[in-house]
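Across the two complexes that follow, chain A remains constant while its partner is chain B and subsequently chain C.
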Partner chain A sequence: MNLFAADARAFLAAARKELRQQRRYPTLFLGLFFWPVLLPASWVLMGHAYSGNDPQALAAFAERAGSTNVAVFVFVGYAMYMWLSSLLWGAGTALRQEQLRGSLEAVFVTPASRLVPLFGPGVAVLLPMGIIFLVIFATLWLFFGVVPPLGAIAQSAVVVALGIPSLYAIGALFAASVLRFGEVGPIVQLIRGMFVLACGITFPVAMLPVWAQVWAWLMPPTYIVDDMRRVLLRGASLGDVAPDIAIVLALAGVTALVAVAVFRYLETSARRSGMLGRF
Partner chain B sequence: MGEIRAALAIARKDIRSFSRYRVAVVSTVFTPLYQFVVPAFLFGAAFAVNGRAAGLAATLGTDDLPGFIFLGGLIGGLISIAFWGIAFSLRTEMDTGTLEPSWLTPTHHETFVIGRALGSLFWFALSQVALFGLGVWLLGLHLRLEMLLALPAVLCAIFAMVGIAYLLAAVVLLIKEANFFVDTMQFVVGMLSGTAFPVTLLPGVVQPLAFALPTTYAVDILRAQALGARPLFDPVLEYAVLIGLSLVSYPLGRWAFARAEETMRRRGMLAQY
Partner chain C sequence: MTAAPAVETRNLVKTFERGRRTVWQRIRREPDRRDRFRAVDGIDLVVQPGEIFGLLGPNGAGKTTTMKMLATLLIPTSGTIRVLGIDPLARPREVRARLGAMLSGERSLYWKLTGRENLEYFAALYHVPPRETKARIERSLRAVNLSERADDYVERYSTGMRQRLALARALLPDPPLIVLDEPTVGLDPQASRDLRDRVRELRSQGKTVLLTTHYMEEADQLCDRVAIIDHGRIVALDTPAALKRTIRAEEVVHLEIGVQGDDAGVLERLGRSATVARHERRNGTLAVTAHCASARDFVPAAFDAARSTGTTIRHVEVVPVTLEDVFLALTGRALRE
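Right, the complex of A and B next:
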């Protein structure tokens, strides 16, 4: 077996291990049926309170958000929020969890490529992510009576699929970076907070000051959320959002390279300082 | 007197141990800021017409968007400390194995809850001062003298939340997976209390639940007296119901806590989790 095939097998084994661990804790899946329903629903009700069904207020929102459909706007934003949450708490903390359990050193002495423990856990996010998107569309249909055209749903699924590499890379970069910090929880909150404020999760990016908008458009989730809303709410086609998708894929490549560089740097530093077993 | 000293000592211990985690202290301000305050403000501002929250005025009778958000957040913070700061912290003691030795001391077990409540209220007060300061500085929050008129409602809500915290502590001590329960229930109680939107917008079937919570009346009185918002009912009636529910929730919580403790003693559950 050549080296690449051996690493591919190790990658699949790492992914299988993560999925098996998820299966062992079924209560963790309860949240996937609670939060994607009630969290965005509460923001839709906030939207009703803020609009007061006043046509002028709704028109003002449409001017800034591109649509008067508050429910779809919020639910799409929260799909990204839940995705980011699963990513940061799951794959983003995977290396740290291995470190806490004392198995990171053991993984590093195997002949498998270092890229396997860095990118393998990301596969485990795909299952909760799929469930979240299904629950969100079901909620929109059952509780808000919103059924986007089938073509728009299919095109938004393509936008999501093409966005996976960039989110995957963000998870890997975060996983590598947090090895430096003792407490992961507050760092997850901080980074997730940054995404929530910058990526137009619950409010239009146009509401941010100009300097913050510049930062927002450097983050892949901003493009993915905006493109999904354009496809679902404004009837845009994949061709219309193609330039954005190209930017997202380019950002994915850059982020993955940075993640590998950070990971290599930390590994070299760990060899010298013996920090892998410390936390 | 001895119990008061013990409660103060527990509060001091909690304050001291939490202050050791600087990032966690900062996140008591940052987390509500990014999770609720700033997104809610920018979301609300997206509906503004010529800089005025006309839609909110139509719904609630006030166009003071920052006031609406911050006062809801105040009661939301109180709910959060009842769930996480008081009830769940007993669970943390259980997990770390220190609950048994603590309960072997001659201090009443109910006093531990009071001590934790005092410690949590200290951090709550500090974080609210920081949040309101940021609100005035960055989001145009106007503090008015008449806001003090709502202080009795806040005190009643604190008293009621201690009662509810006893009730929650009883549940948390008895179930094994407390994290999901606390997380989801805190959210549900916050939303049912109208911290983020008026309870009249809730589906009709869940409105009776909202009206059974003391925090619903605390939020409403607070917004009516501080912002001039349209109250749900006559404020005198709301005060009467709030006081009544507070007086019921406290003994009910104490009773549930005592029952949970008795069950744990009988089943030997104190060291199990």
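Right, the complex of A and C next:
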């Protein structure tokens, strides 16, 4: 077994270990069924309350958002938010748990690549995220009567799949900082809040000041959520969103490289200061 | 051809900062005024293949820091290390692949997984080939007598069982060198004996074991050679028997003497017939540890000394020489102080 294959196996084992631990707390999965309904539904209802279903108001919304379908717009935004939130918390929390538990040193004393504890736990997030996407589509169908065409759903799934590396890399970047700062919860909350504001989760990016829009378009979630909406609401094809996907993949590569470099630097620093064993 | 030492260090030093530097101080670029202390202060060590080597010392002596540098978890400030002939700074993954480590004991396990699930995960991290994984896990579990409880959650294990599982994990890669940091800390006497038996079996399989402990009995009973470490330095290194011979005493006598006034007189008289290794006065009682050639000769002399100085011997205890006495003779302090 060569080194790459051995590390790939270790990587899957890390994801499996996380999933096994999650499974031992079944109530954790309850949230997957009500948050994707309650959170976006409250925004959709608020949107309807503001517009009063006035055609003029809806037209104004369509001008900025590209569609009058507030429900799909907001639910897709929230799918993105929950996914991002899970990844931002997931990888960092897993590493932090290892640190608090005392198992981080046991992992670091094995010959497995350091990328295993950095990226492995993030894989475990994919299963709950799959459930969240299913719940969101079920809610749109059952409560708002929206059933996007099967082709559009399949294409948006491809957009999501191609967006995974970039969100993964963002999660890994924050996970790396656990090695230096230990508790990174408040930083994750701040960054998550900034993503909500900048990436068009509940409103179109066009509503932001121009300088903020420039920043927004440097963030992969902005592209992913916009492309999902274009595919689901405006009938765009994968070919139409391909340039965006290329940008997202490029940003993913850059972010992943930064995450690995930061992780390596902080790991060396932690091995100098003894921070690996502290919390 | 002679085999390379399992572990070799030369003038190994690890310095840490004590105290903290505030964010404000960093922003203002104030000079770093933190104290720097040497947790490990120039350790030279050669551990031969196939031996059980102990680092014995009180808490904070630098044992764990030394162990972590060998296990690639800490980068030394200076000095050189070779683990199985490999430089862990230059080739850390190669060292990790050949090293079984039990460092944080029961805390290093996943309590919500079963024992077997823990080992499955670590087998993958240790790059155990998939075809061998099952057999390797079974063998490790058998080696620590945990086969019957392998499918229970670790949270349902006793502390001793968790320590044994941590040892089983260290055995997974079938390493030639195993490092154990305080392997029996927190265990009851039976569990400690059990774990020591497992460690002895490792030696019989030709493995090298390097362990840290602050239990003198453990070092005495288990180790082929012991390095006594204090304030980051090795103060003595030899077999337990040879170390005990260095204090030139056959027996140790603990006395409790009731003293009203000055205790210098009685100490001076006791010192004529034994070496007073340690004395401490508390609430009118002078506790004395004396190293002597024969308690049969020294105890009557001690009673004479007490009588002639107007003091009273309240308690006498004669014990054989232990590594604790060696540590006391070398540092003037007890291991547990």
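One rule holds in what follows: the second predicted complex is superposed on the first by the 276 of 279 C-alpha atoms of A that agree within 3 Å, B and C clash if a C-alpha of one lies under 4 Å from a C-alpha of the other, contacts with A are read in each partner's own complex, and residues count from 1 in each chain.
Everything below uses one rule, namely that a contact is a pair of C-beta atoms (placed from the backbone, for glycine too) under 8 Å apart; a residue touches a chain by one contact, two chains touch by 3 or more.
Keep in mind it's a predicted model, so treat the numbers as computed, not measured.
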Practice problem: Judging by the criteria at the top, classify the pair chain B and chain C on chain A as clash or fit. | Solution: fit
Quiz item: Is A:Tyr50 in contact with chain B, with chain C, with both, or with neither (first, second, both, neither)?
Solution: first
Quiz item: Anyone got the angle at chain A's C-alpha centre between chain B and chain C, nearest 10 degrees?
Solution: 90
Exercise. Based on the superposed arrangement, let me know which partner A:Ser103 touches: chain B (first), chain C (second), both, or neither?
Key: second
Self-check item: First, second, both or neither for A:Ala161, with chain B first and chain C second
Solution: neither
Quiz item: Looking at the overlay, does A:Arg9 come into contact with chain B only (first), chain C only (second), both, or neither?
Solution: second
Practice problem: Applying the touch criterion given at the start, work out whether A:Met207 contacts chain B, chain C, both or neither, answering first, second, both or neither. | Solution: first
Quiz item: After lining up the shared chain so the two structures overlap, which partner does A:Gly193 touch, if you call chain B first and chain C second: first, second, both or neither?
Solution: first
Quiz item: After superposition on the shared chain, which partner residues are touched by A:Arg272: those of chain B (first), chain C (second), both, or neither?
Solution: second
Quiz item: Rounded to the nearest angstrom, what is the minimum C-alpha distance from chain B to chain C in the superposition?
Solution: 13
Quiz item: chain A touches which residues of chain B in the complex?
Solution: 21, 23-24, 26-27, 30-31, 33-35, 38-40, 42-49, 53-60, 65, 177, 180, 183-184, 187-188, 191, 196-198, 201-202
Quiz prompt | Of all residues in chain C, those that touch chain A in their complex | solution = 16-17, 65, 68, 71-75, 93-94, 96-97, 99, 101, 103-104, 107-110, 112-113, 117, 120-127, 129-130, 153, 166, 169, 173
Quiz item: Which residues, counting only chain A, touch chain B once they are in their complex?
Solution: 27, 30-31, 34, 38-39, 42-43, 45-54, 56-58, 60-61, 64-65, 183, 185-187, 189-190, 192-194, 196-197, 201-204, 207-208
Quiz item: Inside the complex, what are the residues of chain A that reach chain C?
Solution: 1, 3, 6-7, 9-10, 12-14, 16-17, 20-21, 24-25, 101-103, 105-112, 116, 268, 271-274, 276-277
